[in-house]
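The same subunit A turns up in both complexes below, where it pairs with subunit B and then with subunit C.
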Partner chain A sequence: MWEAILSPDFFSSMLRTATPILFATLGAGIAAKAGITNMALEGIMLFSALFGVIFSSLTQSAWLGLLITVVIGGLMGLILAFIVLNLKTDEILAAVAINLMATGGTVLIMVAFSGDRGVSSSIRSVSAPMVVIPFIEQIPFIGKVISGQNVLTWLALLAVLVLHLFLYRTPLGLSIRAVGENKNAAESVGISSRRIQYIALILSGALASAGGFYLSGGYMNMFTKDMSSGRGFIALAASSMGGNTPVGGLLVSLLFGVAQAFANIMQLLSLMPYEIILMVPYLTTLVGLGVYYYTQKKRKERLSGK
Partner chain B sequence: MLQMNHIMKIYGNGVVANEDVSLELRRGEIHALLGENGAGKSTLMKVLFGIEMPDQGEILLKGAPVTIRSPQNAISLGIGMVHQHFMLVPSLTVAENIILGVTPKKGLFIDRDKALSAAEGIAREYNFDIDVRQRVEEIPVGIKQKVEILKALYRGAEILILDEPTAVLTPQETDELFVQLVQLKKKGHTIIFISHKLDEIKKICDRATIMRNGRSMGTYEVADITTQEMSKLMVGREVSLQFEKNACRLSDQVLLRVRNLTVHNSQGVLKIDDISFDVKGGEILGIAGVEGNGQTELVDALTGLNKKYRGEISVKGKDIRPLSIAQIRDLSLAHIPEDRMASGCAGNLSIRENLFSNQYRSPEFSGKQFLKMKAIERRSDELIQEYKIKCSSRRQNVAMLSGGNIQKVIVAREFSTDPDIIIANQPTRGIDVGAAEFIRQRLLAFRDAGCAVILVSADLTEIFSLSDRLAVMYKGKFAGFFTDVANVSEEELGQHMLGIKKAEVLEGVVYE
Partner chain C sequence: MNSVKKFDILRMFLSVLVALALSFLLIFVLSEEPVEAIKNLVIGPFSSRRNMGSVIESMIPLIFTGTGICIMFSANQINLSAEGAFQIGGLAASCVAIYFTADILSPLAALLLAGLIGALFSVVPAILKITTSASEMVSSLMINYVALYFGTYMLNNIIADPRASSASYELCPASELPVLVSGTRIHLGLIVALLVAVFGYFFLYKTKTGYELRLTGVNEAFARYSGVNIVKVIVSSQLIGGFIAGLGGGVEMLSPIYTRFNWTTLTGYGWDAIIISTLAKNNPLYVPFAALFLAYLRTGASIMARRTDVTLDIVQITQGIIIILVVAEQFLSRYRHKLIAREAKAALSGEEVA
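Up next is the complex of A and B:
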């Protein structure tokens, strides 16, 4: 078993499975920083997985397909923002509605497009390319891990850096953090909290949709029914565990990648019943959340004890 | 510098918060705005800071009329406000809080060096000793307040409103604040200092405008007016209420016994400092005092809401510390809470449900599995009639009623158990005269029937006319205690309330 874990395949599979969760986690993080729990990530991912297949097939270009999907993801964030901020609906209820709409809506659209009910294999879509890095590829262990990853994996890592700079180095990022923590304080210095929360939710939707695109255009090459399978919810937990920061989100996403890669190995070696292995990512979420909230509680006690 | 002329503000619920109030500020003075809670100080300042629009009156800034529509508007006119509840973002640094909303930029990014030097610069300019790199969540309250002041100054405030700034400070921090306020004054800033602490006003203010019941009682040079005169203007008794009050017939039994009660709040601040007293059946013990001097904490301890106290409280000879709130209530103790919406009722439940929420366990209203709806409905209808609760039906949500009727629901509920001890905290605050009168009559009736009543009230008229004995709370202690309430003058009471006079010996507090 250890052989399998220490192989380059293990690490490469970790990065591969972490990618969609990382995108969604970043989306959850930026919404949380602005003071909103974006539970609609799951539905946005699912819609985006389908739209990715459809638009990359229509345009016959992975890049155009990604661009259109991300724009639609941003629009879904905007719709959520409108429902929550203008129509004053509870943010959880609005998200549940979007998620349910995604479950049924994606099947409906898929049937309309391809006639299939379960998988979109009949749609001829174009997947995002893999990145083979010439020289690094030659390096024994690392080469196999790093080279040959999907271009979206690299985009996700780049997004961590960009988002970090955005949140901590730009005036808009500062405003987002201020609104999320103390809305009254932000408004008292003339920041429009509504505008800030709109921006955060649009970005959140766009990031999650990139994760959704990856599911059907990188991880796999087609759309299957309910293929987001809870990743949007896992991302909420992951983001929370990472303190809603981009770098924290990256680390926790990698942890989930490890859990998933581990599950894959267990499955290959059939050390455990398949059903138990399927539980691994969700168990990781539960345990991780428990540990996270315990440390948070301790931290709060320390601060108030001062 | 600034004139507010004939300001009138009536809130949507018909409360007249300001009636023909005028305030005039001179450049470079510290101007006290003095008055009890509810006197209209906050409303006047909300008008000045653009949070509320006045219904009548005008504001002149440097001689020119201005309309202040929003806090941003006020800030751009050079008016800054330090709220009692700080408007700071905890996880950001001091510097980030100061520049928030007016962030210096370098390209796309925040110019961090400039932000730091700007924050440090303004702190140095005004001699504030603050490390601007620290996170706000890690600094003590006194420093947070300085950050708030710096925030206002950074935005160019010439007039600075401080809303009860010393309420949250330790004495040392208060002294330090005063030094800084005097410095600000010397630099030409004008400061409005809201307070009801007369010694502080004497110490640093130049002039004082005194408010009472939404009206201005005039502006005085602080040097020319004594604290006694100030307290008289601030407290002052309105026309006395006329009651047919029977002579007090005390029972032999001490129903409520409190010994050496000491309470610290969650921040560790001493709120009740070694209080002892007794209450017998058949009397009303009035507790007066400016709000925040320990009354809330006292009631919380007496009713079992807070168990973190030292000392002993016993009801009918039983120590209540190990008892649950339900068990304490079972000793026939009723509690009318201070905040009727927060802890007095469940606003989204019906009148009927609220009326029996303290008795749903009793066999009279509850069978083994189900509630006895018929008995409950009969009882609700009786109470609605008896207490003249104005409503469309017993199924109406309590939150839909007027303040006075909500209070009647609570009072009806508490009194319907026929209690032996009543703890009434501000029972008539903010309700109409008729309902208030009704509740006062009921309290007197219970007293005549041999019930022990504790009445905490900010309404001095009420305290004077109902109490048989009277305690005045100041900084967690009884600063005065009177067994002969009829002969207490309002001046004397005011002086005890404001801590000018303190009784050395408290006679008649305990029956022993």
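Up next is the complex of A and C:
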């Protein structure tokens, strides 16, 4: 078993399964930094997985497909912002509504577009390419892990860096954090909280849609019904466990990747029933959430001298 | 009833009508035979005794999870574990019903266990919140999947019938809830469901704990200063809500609709419950009506999907629009404000005359 865990395949599958979660986690993080719980990530990812297939097949280009999908993802973030901020709908209920519409809407759109019902097998979509890095590819262990990953995995890692710099090194990032920290205080120094929350939700939607695109154009090469299967929810948990920071989100997403890669190995070796293995990521997140918040609480209590 | 309250009810009906109108519009865009589709959707449920029965049948699980969510949400706990509690309640009831075959005692034990397991399940996010202050919403989302995979584990490894494909052994006939109306599958569970809804109403609106619960939901800090034991209130509300959702899963499993446990995906009744509690404004007394409406819509849509080219999935769009319009404070808010102003003026001039 240890042999399998220390193999390059293990680390490579960890990165592969962590990618969609990471995108959505970053999306959850930026919304949370602006003070909004974006539970609609699940629905946005599902819509984007379908749009990715449709638009990459229409343009016959993965990049154009990705671009259009991300723009639509941003639009969905905008719609969510409008519903929550202008129509003053509760953010959780708005998200429930969007997720419901995504479950039904994706099937309706798929049927209307191609006649497929469960799987988009008749849509000729284009997946995002793998990146083979010369020279590094030759290095025995690391080469197999790093080279041959999907380009979106690299984009996700790049997004962590960009988002970190954006949140902690730019004035707009500062405003986002200020609004999330204390809306009234931010308003009192002339920051329009509504404008900031709009921006944060648009970015959140765009990030989640990149994760959705990866699901149907990288992780798999087609759209299947309900394929986001709770990843948007896991992202909420992952982000909250990582303190809603991009780097923290990355670490927890990788942890989730480890759990999933571990599950894959156990399934191959059939050491445990696979249903128990499928449970592992959710149990990990549940326990992780508890541990993280417990240490946070203890630290706060210690700092306030109780 | 003052005119603002009347207006709120009117507004809800209007939201539902707008949502239906938008869905009809969508049917016109998507379908080759839109008139036929809409006819089936609207009139289909009344077309036969069987179809009318199926509206009532599908209302039953919705009443359970709807009432459960009303109680959980009234304490302002966004605990979404009703979905998992329903699943695991169904599993628990089937396990009992497979191995314990005594008359009358078997369904009673099965339902009791379903409720208890549901309660223990739904209280986990609340306890996690109290001890570690982790968001109950996030942990309840995670724990639902634990319930799902635990259910499929039991189904495939412990109670699997080798002669059936991914289904458990048959539930014993003694456990099956009796049918109330011949020619349909409306079963005893309907009575249990209605009793639960009435119980929910009395608990929330006529008992001290219920009052404390709602007070905590509206303003936790105020409740704490007034001497309400917040921890007790939160834990008991999630226990009761989870019990009801789990009981619902058990009742559904023992109903004539199922002869074996075969749930390999989450049922979605936990999410439907959120629509119901929204329509019922968290009052269990209105839950059966909201459930009836949703069940009617579902049955109509499945008849439409069987007879025409429009798929069942359109209902989810309708439901989504309904939630947004009902919850959106700003929908028709200008008229509401006008009404409030007019009423205030009338009250003032009335005082002057007196």
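Assume the second predicted complex is superposed on the first by the 305 of 306 C-alpha atoms of A that agree within 3 Å, B and C clash if a C-alpha of one lies under 4 Å from a C-alpha of the other, contacts with A are read in each partner's own complex, and residues count from 1 in each chain.
Please note the rule applied: contacts are C-beta pairs under 8 Å (C-beta built on N, C-alpha and C of every residue); 3 or more make two chains touch, one makes a residue touch a chain.
Since the model is a prediction, treat every value here as computed from it, not as a measurement.
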>> Taking subunit A as the common reference, can subunit B and subunit C both be placed on it without clashing, or not? Answer clash or fit.
In response: fit
> Looking at the overlay, does A:P140 come into contact with subunit B only (first), subunit C only (second), both, or neither?
Replying inline: neither
> A:G115 contacts which: subunit B (first), subunit C (second), both, neither?
Replying inline: neither
> When the two structures are overlaid on chain A, which partner does A:A178 contact: first (subunit B), second (subunit C), both, or neither?
Replying inline: first
> Quick one: subunit B or subunit C, who's touching more of subunit A?
Replying inline: C
>> Quick one: is A:T170 in contact with subunit B, with subunit C, with both, or with neither? Answer first, second, both or neither.
In response: first
>> With both complexes overlaid on chain A, does A:A186 touch subunit B (first), subunit C (second), both or neither?
In response: first
> Closest pair of CA atoms, one in subunit B and one in subunit C, after superposing: how far apart in Å?
Replying inline: 5
> Residues of subunit B touching subunit A in their complex?
Replying inline: 71-72, 75, 83, 86-92, 96-97, 100-103, 105, 108-110, 112, 137-138, 151, 155
> Which of the residues in subunit C come into contact with subunit A in the complex?
Replying inline: 26, 30, 78, 128, 131-135, 137-139, 141-143, 145-146, 149-150, 152-153, 156-157, 271, 274-275, 278, 311, 313-317, 319-321, 323-324, 327-331
>> Show me the residue ranges of subunit A that touch subunit B in the complex, using the header's touch definition.
In response: 165, 169-171, 174-175, 177-178, 181-182, 184-186, 188-191, 303, 306
>> Give the list of subunit A residues in touch with subunit C in this complex.
In response: 37, 39, 83, 86-90, 92-94, 96-101, 103-105, 107-108, 111-112, 117, 230, 233-234, 236-237, 240, 273, 275-276, 278-279, 282-283, 285-286, 289-294, 296-297
